[in-house]
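Each of the two complexes below includes subunit A, the first together with subunit B, the second together with subunit C.
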Partner chain A sequence: MPLSTAERLFAAEGIAASLRIDGRDPLDARTVELETGVILQASGSCRARVHRGSQVLVGAKVAIETLDGASLGAGTSTGLGAALGQGGGRIVCQVVCDPSVAATGGGRCGAGSGRPVDDLTGECGQRLSELLNSAASGIDLASLVVIPHRVGWTVYVDVLVLDLGGNLFDVVLLATKGALCNLRMPRATVLSVDGKQDYDISSHETERLRGAEAIPLAVTCYRVGRRFVIDPTLEEEDCSDLSLAIAVNAAGQVCYMSKSGNGASHGSLIKTMMAFATRRVPELLRVADHCILQQGTRTRAIQGFKV
Partner chain B sequence: MRREIVSPEGFRQDGRRPEELRRSHFRTSLFQQVDGSAYVEQGNTQCLVTVSGPREPQMRSKSLPDRAVVTVEYAVAPFSAGERKGPLRTNRAHTEVAASLQATFEAAIMTTLFPRSEIMICVQMVQLDGSALATAINAVSLAIIDAGIPVTDYVTACSAGYIGSDPVLDLNYLEESAGMPQLTLALLPRTRKIVTMAMEQKLHLDHLEPTAEMCEEGCLQMYQQMNAYIASASKLATLITPSA
Partner chain C sequence: MARASHLLDSSLDSADGFTDPHGAGAGGPSADTVTPGQALDVETTYLKGHGTFLEDGQLLSSVAGTVYRVNKLVSVKAIHARYSGEIGDVVVGRIMEVGSNRWCVDISARQSAILLLSSVNLPTGIHRRSDETDEAKMRSYFREGDVLSCEVQGFYQDGAIALHTRSLKYGKLADGVMVAVPSALVKRLKSHFVVLDHGVSMILGLNGYVWISRTPSAQEQKAQAHLFAGHHNFYDAPGSTPTAAPKAAEAVAGADEPLDPHAVREQIVRVRNCILGLVERKVMLTDQLIAAVSRTARSLPAKQLLDPDVMDTVILETREQLQQHDE
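After this line comes the complex of A and B, so read on.
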């Protein structure tokens, strides 16, 4: 159900008076619950659940991929071309919705115009893919290369949106970080046979994805009226006409930025948002990293979903 | 080397006896935006179900004047199986599962109480390790009860295979892929009426009866577990929110 004009006004004027629908401060976030290693079939997995908000499940799988002449020709559009630029390895991201979200979430989410859910998940996947495949992600993409320009690992990051409660990208990135920190891939060793390079995949030795701990986290700032809020509910997201996703690493450096929504803004607001994000994210990272590392690898009893 | 499904000592590869179910976990009321939801884990097969309704049909043309329409969406997560599969727009196998779930629950839900309305069931398989249809049926059954939709009875399901000269209960992925005939049975446990019976390979008629009997036994065991869970969950709910 899209919001009515009166409901929208109620939410917007509340925010103008620093009073949000659920009683939070404009710059307060909801609590998140993280659980890693929930899916045994995946190489790495993580579930993130925001209190009264979105819930996502991320499964990462690795596959070894050979870049030969045929796939090179066809690969430019599917990202294999990009993989070649990096020497072989790549990360493929996809965000899909649970059918119930696809059926009920339509027409009532996203910056101002009631965007369809497909649009929202598509944008989210695109952002994730751009961020993770860039040098700023902190992931050692070169470590995914087995034989340069020929064989490399592809990490498939599949995000399943189980519940939609606003602020999707931040949650997705957090859960993706959890899944990639949890990721264990088989060790590949390069052998030289008669001057030709070949590889062997170990059946019992595994290694971590190098640099996964350095993945930045994002804060998306949503403009409502003259102010901005973070971690909006679905209703507040609907009132916002402009949002800016800012990913920042532990050193406080901005790694990625993406604006959405049909509004336009002066640079001063953008600067305020950036200053806020660079202050906030390192703090967030400390807590998140502690939580992710403490869970270790599949040591926790896997009970799936806790209520 | 082909491993045997049941060892001479009478154990299966995962350590179960032939007539033993895998361990299962249940959870209900997981989401806020839907009327009912359930999560069922049978061994490593995990399934998440949400139910919304009875409500006004999203497509008016689909409504029926005398009863509610049950629609089922079935999806499998890309990371659910051993090999990654990208999401497909239309998958015939999935459509078939959805149709069979729809038929099963149209038999159990008292649809005539809600004319011109729709009950929507969304099934998401999170992880696959054999007996997917049976797990999905059990999960939908719990989600419908969680949504408070009137049903004649629980619907409980179980699968069984037949190997050598004996049936085995609740197949996992390894046993399923050994190519033995697999029977999935869904039961209304109190009346012992069968609502769904699915079998895709051939099996001698003489062997069908012991296999079906074992399935029925499995369904009844499942019923006890599910009923015990619902009883404890509803007790918990009344403790938390006393009727004011």
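After this line comes the complex of A and C, so read on.
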């Protein structure tokens, strides 16, 4: 259910006047709380909670996948093409919304984001999968190959949206990074038996996912009127006609971009957004990495900051 | 969490004591918040109400919420319970659906509430029966997504709430922002239409939806009454068009000098953040408490109120002021 015209106007006027409905400036973000290792049964997990905003829980699980006829038959799954190209190993992402959140569209006063929830989560899962299975993700996908072209690890990233408060993709990517940094997978060793290659999975030795620390983070810029805002609330998201998710790595390189919304934009605005993202994300990564890598299972807060 | 619960207890007490003049009446919350499994303080004879269960001869709470006592009946109302409604309640709702002769309105009750075409004031202002032309124009009165204030008129057989807007004070809302809080945290007041300082007004819906907007000027209020008398479309609420925005700079009811629209907007944001801050600490909302907290917060930029520590300080400071006021 959309907002009323009057509410949308009020929010848009606020953004034009640099005073958003919660008092932030257009380029201010909310505080995020990260907690890793929250699901004992998962190989890696993380929960991210934005102050008065979205909350997501990410669980990562690894499984051995044999690339035979059967899995080729199910070739519609994302990442399989890439997996075959490099000889095995892929990351499968799924984003689902908690039914109680989906029923209300995430809205707290009868108004949701103006988009169906399935649409939001579907888009989010698609982006996550595209990003993580590409070379730009920083993950050493080749390390997921056990026996080239025959056996590889599949990492399942399952995201559960516990609360919807706008800016879903950025939060999901942050939590996914947390979960993949937290991931411990059993060590697989390749054996040669009678001239045939076989593998053995260790029951006690584990290893980290190589390159998980290098996963980029995203900042999504939402255009409202002539300006753009980051980290919008659900109401502000409804006011926006165009948004651009920009994932940037620690070196300040743009790794991935995805646009949504029906609006069209002049190139100069896109450039401004990209320039902003390349400035902001390395700073954000520094704080996020500090939180993710330093913490065991304790909660640490990442302070939202302005660049 | 220790800090929050400390605030919770103390603030609940102060909020409760402070609003006594309003008279919560029988059945008001008795300042105690309980958690599931907590023993309820009861006298020797009592009646077991909703949200309670008996174990080993003790009456325990089955939900987290506030204890209500009506004579001997002891019940616990869950904090996140849906709004149940009582006749005469002022509520804020959002239109979800436009039907043939009714609007379905979300008021955070178990079912959508129903606003019949026959329960709204028709544009000409004269008391008359609605006809087909009115049915055809329903979407021009209220459309999907619109926010309105209204009153609970009664209940249908299936428990759905019937609403009406047959008064000048009810109708479409504009030029403001809506906040949703648990309905259990909104205290029943003498008036739910609250005029705060610095050009901000608020409608504290008993269903937990709060509408915060700028106070319309005296002229605007007069103009609205004039519209209501039937010359124009009453349903074009003031401020719903961009041309109405500069009017914010004009005189506000009760004050002669014009208020800066940006300052008014910032005060709206402050009130919004204060309400959310109080609700996060599970404090019962009353008009005077919100007014006092937002008065204390006025010295701070609205943005800073997002910081939980700052909010704690503001609430504690307000509490001290209220205690001094009482003495």
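Note that in this section the second predicted complex is superposed on the first by the 278 of 307 C-alpha atoms of A that agree within 3 Å, B and C clash if a C-alpha of one lies under 4 Å from a C-alpha of the other, contacts with A are read in each partner's own complex, and residues count from 1 in each chain.
Throughout what follows, contacts are C-beta pairs under 8 Å (C-beta built on N, C-alpha and C of every residue); 3 or more make two chains touch, one makes a residue touch a chain.
Values in this document were obtained by computation on a predicted structure and should not be read as measured data.
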Item to check | Superposed partners subunit B and subunit C on subunit A - clash or fit | outcome: clash
Next on the checklist: So in the superposed three-chain picture, is A:Ala63 touching just subunit B, just subunit C, both, or none of them (first/second/both/neither)?
Outcome noted: first
Next on the checklist: Contact-wise, after the overlay, does A:Leu19 reach subunit B, subunit C, both or neither (first, second, both, neither)?
Outcome noted: second
Next on the checklist: Applying the document's definition of touch, where does A:Leu164 land relative to subunit B and subunit C: first, second, both, or neither?
Outcome noted: first
Checklist entry - Of the two partner chains, subunit B (first) and subunit C (second), which one does A:Arg52 touch, if any: first, second, both, or neither? => result both
Next on the checklist: A:Pro99 in the overlay: touching subunit B, subunit C, both, or neither? Say first, second, both or neither.
Outcome noted: first
Next on the checklist: Between subunit B and subunit C, whom does A:Ala6 touch in the aligned arrangement: first, second, both, or neither?
Outcome noted: second
Item to check | Partner chain(s) touched by A:Arg30 [first = subunit B, second = subunit C, both, neither] | outcome: second
Checklist entry - Which residues of subunit A are in contact with subunit B in one complex and with subunit C in the other? => result 52
Item to check | subunit A residues touching subunit C - in the complex, by the definition given at the top | outcome: 1-7, 9-11, 13-14, 17, 19-25, 28, 30-31, 51-52, 108-111, 235
Checklist entry - In the complex formed with subunit A, which residues of subunit C make contact? => result 93-94, 96, 106, 108, 143-147, 172-180, 209, 237, 239-240, 242, 245, 262, 265-266, 269-270, 272-273, 276, 301-306
Next on the checklist: Using the touch definition from the top, list the residues of subunit B that touch subunit A in their complex.
Outcome noted: 25, 27-34, 39, 41, 44, 46, 48, 50, 52, 58, 73-75, 77-82, 84, 86-87, 120, 122-124, 126-129
Checklist outcome for this item: Within the complex, subunit B is touched by subunit A residues 39-42, 45, 52, 55, 57, 59-61, 63, 94, 96, 98-100, 103-105, 156, 158, 160, 162-165, 303-307
